[in-house]
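This is the structure I want to talk about, given as structure tokens.
Residue numbering begins at 1 within each chain, and the chains themselves are lettered A, B, C, D and E in the order written.
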Amino acid sequence: GTSGEEESTTTEAETTATTEAAPTETTEAAPTETTEAEEMILTDVGVDLEAGTITVGLLSDLTGVFSALVQPVVTGYEAQVEAINAAGGINGLTIVLEIRDTGYSVDTHVQQYNEIKDSVVALGHSTGSPHTVAINQQLVEDNMFAVPLTWYSGWSDPALNANLVPHGTPYCIESMNVLGYLTDQNPDAATVAIASNAGDFGEDSAEGAKLAAEALGLEVVYDGQGKVNAADEATLAEVATAIVASGADIVWVTTSPGAYSGIYGQALAAGMTALWSGSFVAWNFGFLGPDSPIRDAIQRDWTFAYPIAPWSADNPGTNAARELIQAYDPEAPPYEYYLEGIVEAQLLEAILNAAYDSGDMTRAGVLAAAKSLESMSWDGLAPDQSFVGEPNDTVQRLVNIVKPSAADLEAGGSGLELIEANYTSDIAAAYQFDEACFDAGFGG
Amino acid sequence: MLAVENLEVVYNEVALVLRGISIEVSDGSIVALLGANGAGKTTTLRAITGLLDIHAGDVTKGDIHFDGVDITDELPSKRVRRGISQVMEGRRVFAEMTVDDNLKAGAYINTNSAKVKASYDRVMTMFPRLADRKTATAGYLSGGEQQMLAIGRALMQDPKLLILDEPSLGLAPLLVQEVRDVIVDINSQGVSVLLIEQNANMALSIAHHGYIMETGKMVMDGDPKKLLKDEDVKEFYLGVKASGEQKSFRDVKHYKRRKRWLS
Amino acid sequence: MRGRPLLYTSYESDQAIFNTMAKKVFAGLGLLVLVLLPFNVVPGLGFLAAGDWLRLLSTVAIFVIGGLGLNILLGLAGQVSLGHAFFMGVGAYVAAVLGGDPEGVRLGFGLPLWIWLPAAGIVAALIGIAFGPAAVRVRGLYLAFVTLGLVFVGDYVFRNWISVTGGAEVGRTFPPLQFRLWKEEEPLIDFTSDGAWLGIELISEAKTFYFVLAAALLFMLLAKNLQRTRIGRAFQSIRDRDIAAEIMGVDEFRNKLRAFGISSFYAGVSGALLASFVGTVIPSRWDLFLSIQFIAIVLIGGAGTVAGVVLGTSFVILLPRVVQDATLWMQDVVKEGDSLLATLLDLVVATDSTDFGLVNTLPGIGPGLSVFQLNQVIYGLLIIGFLIFEPLGLYGIWIKIRNYWKGWPFTY
Amino acid sequence: MALVSKRLLQRRADRSGPKDYEHLLQVDDVHLSFKGVKAIDGVSFHVDDGELFAIIGPNGAGKTSLFNSINQVYKPQEGDIIWKGDSVMGLKPNKTAELGIARTFQNIALYPHMTVTENMLTGRHVRMESGWLAGSIWLGKAKKEEIENRGIVEDIIDFLEIEQWRKYPVGLLPYGIQKRVELGRALAMDPELLMLDEPVAGMNLEETEDMARFILDVRDELEIAIILVEHDMRLVMDIADRVLVMDFGKQIAVGTPAEVQQNPNVIKAYLGEEVETV
Amino acid sequence: MIPDLLILAQETTVEPSQLGFMVVNGLSLGAIYAVLALGFVIIFKATQVLNFAHGALAALGAFFIAYFATIINIPGRWMEGAPGWLQWSLSVVFALLASAAVGMLLERIFLRPMLGEALFAVAIVTLGIDIIIRTITNDLIGLNSLPMGDPFGLSQIGFGCEAGRFLGSIDLTDVCTVRVPYTTVFQLSLTVVLVVGIALFFRSRTGIAMRATAWDQETARAQGISVGRIFALSWAIGAAMAAIGGLFISMFPRRPGGVDTFTAFFAFRAFPAIILGGLDSILGALVGGFAIGFAESAASSYLTFEFLGTGFGGVVPYLVMLLVLLIRPYGLFGTEEIRRV
């Protein structure tokens, strides 16, 4: 294309006037499927009215440490986009995905962004927090929005989110919800042990847990915020020892699935019994398999909160999503991350439709459309969310409380049983959100 | 016993090093193979024992028979099992292993422990110096000690044919005589020997037959006694003047150099 | 006949880096091509003028500097170090602290590039020298593992020293590539924004490219000179025969320390440039894999030569992109269908979950590997294949080609 | 005789000042053992300027170990080694090189990946000065020094007649040429004492003659003292001024070749009866 | 059920023995490191190859075990009624054979052509292998972690338990001074058996042949040693050891979920153990493995001061290694390099 000479910092007005003038003209002569829209659709990069395509980028970790999570997200995304296209696309325009593997490396993320930035209208998702921060400045310059594929509460911070469209419940709100739920159910619980990965993911979650503990009157008997390093076995043993020593009633650990099960296993081996939870990212349906040694124990001990519905939830949105995946890939195991991909793709669809309706499909137009999405509904697949207003208004506080269930797994589900949909605890609901729960110091 | 016929060897697919040589070692004999540096003696040995491949060498013509069997393309380990052992040029002891372990490695193909013991004892009596240093790390032995170890290691295989590549290199005069005696001794026990040497005097004094090669070709062969009398052999291999007296190194002239300078 | 007679009128001309006319011409042409790259005028190389390719080439230039450093240690002095990533990290954080935003969340003094860049190298070198005595005590592979320890200790420090590094999974931003005389607001030369230089419009990627290219060329020159002078020879003699070298008068200890220091200097500079170039770096960037990548660079290029480092770096850095483009292309061809090629490829490529194929075009699960996984596998295979078929490295291939043409038309 | 270039002769002239020492090298009752093995067991001798001194002895007698002790690679437990009146004991090996002791090795110890010229230039290391930074920048003094020393090395290359191999990595050269390069590298150090460890082992007659000629030239033209360890008795007896005989680390005889040859102990331990035919 | 549990939890707030936990954890870690080190050392000892793909092989081996034992149930599917432990053991044997086969294949395809090349060039080849195996293994493992299907489950032996028993098999919720999972007992006994077996093997004729081959392949061949067979054998053993290491890693309590995409990284943690013991020493692998296991376990139990930050336990092995190397440059039992002129 026109890479190289292209101006990436031109203003909106200039863009429409100068670049891509040709395609704009051809809209009049465009095939009829560009609907009866007489008004001109403004475009710049990534939307080709002549070819009838909208190109959207996905920066996904497909071979790195989170590939087991991100691969199904991308598959779900693709499935949904295929469905959208089959149903006529965005008013006749086909969505084309430009998928790039970042391998969960910041360098590669930035490099891949630069490879696709001149051909896409927006980023359907961007895996990883420092990774997304690393391209944030360029996103602003390029007038593109991106959906961060992480749930850091700081994404709602105006300092960061000019071009970000975060969806789902932030980690810290998730903590508040689950701890609220657990103390509701177990009024005797008096102490909590908290441990987490370092960084936005773990520490945002841990901060949330601490805020919740304070509000709920739980005593924090071990604070292992930032102490877990999933790739360092020694930290798992250290944290497990400390958790056991603390004798907490509730344990909140936020880390990767393997590390979570490792800490849990070592605590079990030391004879500890407690209520266990942590960010849903730790969940993996392998833990419930018939051969898993902890199969029974986790059904007894674990509770999670999901930002989307579990696989076997029964509501229109989830039912449709499930069918979609099963049709797209009959081999696909039931797994919530497919649904996450669908959630993201539906969000994209809504944004693109809104942009089309506004007649402005330039990057800036699409970004504006995203930022003015009043109420987005996923029909139960995920709690509804608004993207307009102050952080305190837009931040998602609803979660789905789930518990591991072998029965669900055997019945063809993902092993997560929906206990309560669209749940929000009192502290989560009341929490005044005006800055990140945990300031990771991104961009500093 | 060993018959090399019309052998051609090429290195790296380009360098023709052996240009059709033939050697015969008959049962129970000692055969000497002499030749200037780079003549292809070691290459001949490699071809016989199957170690050319490591050096990117190939037999492109000719064949090698051992006891009537064509072994030209056999694996080296197979040939060792047939009874062909070698003392490689440059000692090549397993430096990080002890003297004993070196000998044990030599006895790898020999699974009969009584036989191994017998060979071991034989080596120890042959080279008392090694007996003193049984547990020493081979890499720290002196040059000559390493040479003894290399010879001893080959003897551990109880060979039918022993090929030695410059066994006298770096050995003290007395030891050269001893090695010579060892060779004669081994030979008297029924082992055929192919002896590659720079030390023509020593080699020809015990050989039953001698070959002389020059840049990949056999230039002369015959009865060692005759070879010892040959004028060229005398001049180029024995350092004896036409007059019959030994040349002195002090008399060596700069003539070659002058000649080069003039041209 | 062996080669052609080389006639020199003085040892000086024989010892020059480009000691033949052909070499001079090639070097000049090569430089010209590099300078013209961003202008899309070089036939066949037009695609390299795009921003993303210029970024890749800049990455190559930055890695060349680090690679030269390791080459001095590994290729010349024969010391295997797996700790190169650590020294790059040190350089990067020195740069970050000295050049970082004083008002930012992390420690920063806002000093200009001409201070933080050399300082990055110097501090890394000092740490390298401080570590040297321990490194000199152990030899060979043990040294490799001692230096591996550096990477892990470094990782621990980098994770925990949050005020400097930003901490795990967060990282920090680094000073941009801008030239200021002192802490003034506006940079004199800004390598990171689009605009005109001497009236010529350049995108930011081109400016960055020029800057790192110049740096890489400078370091190449220094490395080449080092290699062909007294100390470089001393390094090589230690590599080839350490005890003999000592007996011939080379102080093994001092020279190993020197090699560590110089190599760490290069690493520090390279790390600072890399961090500055990417902008945001998390501590795990300086991991074992980065060290290993540098070893691969040196070995694939052909240890011991400057040209080898350049070739090796290009291979290691550009290969993933080439493989990626190839696999993506394959995916497209198969998805398009129709052509003969597509039918052929379809045998190996699975387009949906029920189709048979070793590779599928789905990024998620499905039969066979995804194209992205294939990308990885091909990368691995190429590295292996390369070392198997050309153990002398890319430089070895180059020499073979050169000798072929030298001898032409008499090729044996 | 114009066998050696003026520059090399100049070096010889530079050395010929008044002497303030008794012997160039003096080895004084040296003992060296490794974990119970007595490699050197009380050896004493001296070497004077320009002398060609030979050491012979059975394998494992400790000859190489003696060289290594003089170079301080091995640290003798007892005794003293005195160079021009000062003890070298405790010095690092590279310091002995700076003093002017050069050496070749029993198993060729060249730098196989470097060319002949480069190998010889490493010999110049101790006689050069420029550091890594000066070298990296390649300006002024460093450059001048490099070119100057290249000239000296070229003289030696000429002297040893290995011009045609100049640019070859030595690892690829024939054995005989490598031995010659090794001699060249030692000569490049401007030594006053040259220690040669079996310089003609594995060489054919022609190569041995060449090497003998070079050794004699070095001694005669350049007036460098030489210690020669060699098993080739013809060579030793032909060219040595004095011979030391060792056995099991002990010194069993010293004297002129003629004396030593007749010594019954030497015959018994080393030469064997048939010395003439070997 | 949940409320019951809470009551239990409150009743059991007896201080568990941290020392006991540390020792048991150290033993289990030590076994893992020792087995990983053993596989690595064998390959190095016989072929002079630094196998960077060891971790990937461990993950692949663990996958094989999970695959045979739980997914396709081979040979269990043909032996209904046989005791579970027997079925599982046979599956493990099958998986080890598969791993060994992979090891031999890798050697034959990728490493044999590298015979005689520089050590580090070969090491980089193993790195390429690592990338390939890891990618393929990750693909095979898929999205969920795969448990090993071992018969030990969560069973433990308790020492000094409250219920009056001093020693015995216990419930998860019993209160004991020291608890040792069956899996740890299994790991320890298997490690001892393996080390003894391999040490004996190395003293044999094949062992000497392996060392000879490693030092000088050409000369080894000249002794009638089939270098190819030695290489294949050592890679087979090495890969099988890696698989056992992978199994150990992927068990309760360390990774009750089983093998996942992180498993492959674990082997790098065994490096200090390998070096501490000496790169080419079987005994060293054992001693190094347990020394490092204990050092790490002790550090993560006791060195938890705030100022040390996070993950100090993880660098302790490297610090121990550095310290030992400064005193003994070839590790505790490594062969010294021959250095002489």
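For the reader, a short list of remarks on this structure follows.
One rule holds in what follows: a residue touches a chain if its C-beta (ideal position, glycine included) is under 8 Å from a C-beta of that chain, and two chains touch if they have at least 3 such contacts.
Since this is a predicted model, take the numbers as computed values, not measurements.
Shared contact partners of subunit B and subunit E, listed by label: D. Using mean Cα coordinates as chain centres, the one most removed from subunit C is B.
Ranked by distance of CA centroids from subunit D, the top chain is A. When each chain is reduced to the mean of its CA atoms, the one lying nearest the mean of all protein CA atoms is C.
Rounded to whole angstrom, the centroid-to-centroid distance between subunit A and subunit E, based on C-alpha atoms, equals 36 Å.
Look at where the CA atoms of subunit C average out and do the same for subunit D: the two points lie 44 Å apart. Measuring from the averaged C-alpha position of subunit B to that of subunit D gives a distance of 29 Å. Annotation for subunit A: residues 63, 71-72, 198, 226, 229 touch two or more other chains. Multi-chain contact residues of subunit D (touching two or more other chains): 64, 73, 105-107, 109. The set of subunit B residues touching two or more other chains comprises 140.
In summary, the structure contains touching chain pairs A-C, A-E, B-D, B-E, C-D, C-E, D-E.
On subunit C, the positions that touch subunit A within their shared complex are 40, 49-52, 55-56, 59, 101, 104-106, 159, 162, 166-173, 194, 203, 205, 274, 278-282, 285, 324, 352-354, 362-367, 370, 372-373, 375-376.
Across the complex, subunit C is touched by residues 50, 52, 110, 113-114, 117-125, 127-132, 135-136, 138-139, 142-143, 268, 271-272, 274-275, 279, 309-312, 314-315, 318-319, 321-322, 325-326, 329-331, 334, 337, 339-341 of subunit E.
Residues 64, 68, 73, 105-107, 109 of subunit D are the ones that touch subunit E when the two sit in their complex.
Within the complex formed with subunit B, the subunit E residues making contact are 115-116, 205, 208-209, 211-212, 215-226, 335, 337-338, 340.
By the touch criterion stated above, subunit E contacts subunit D in their complex at residues 340-341.
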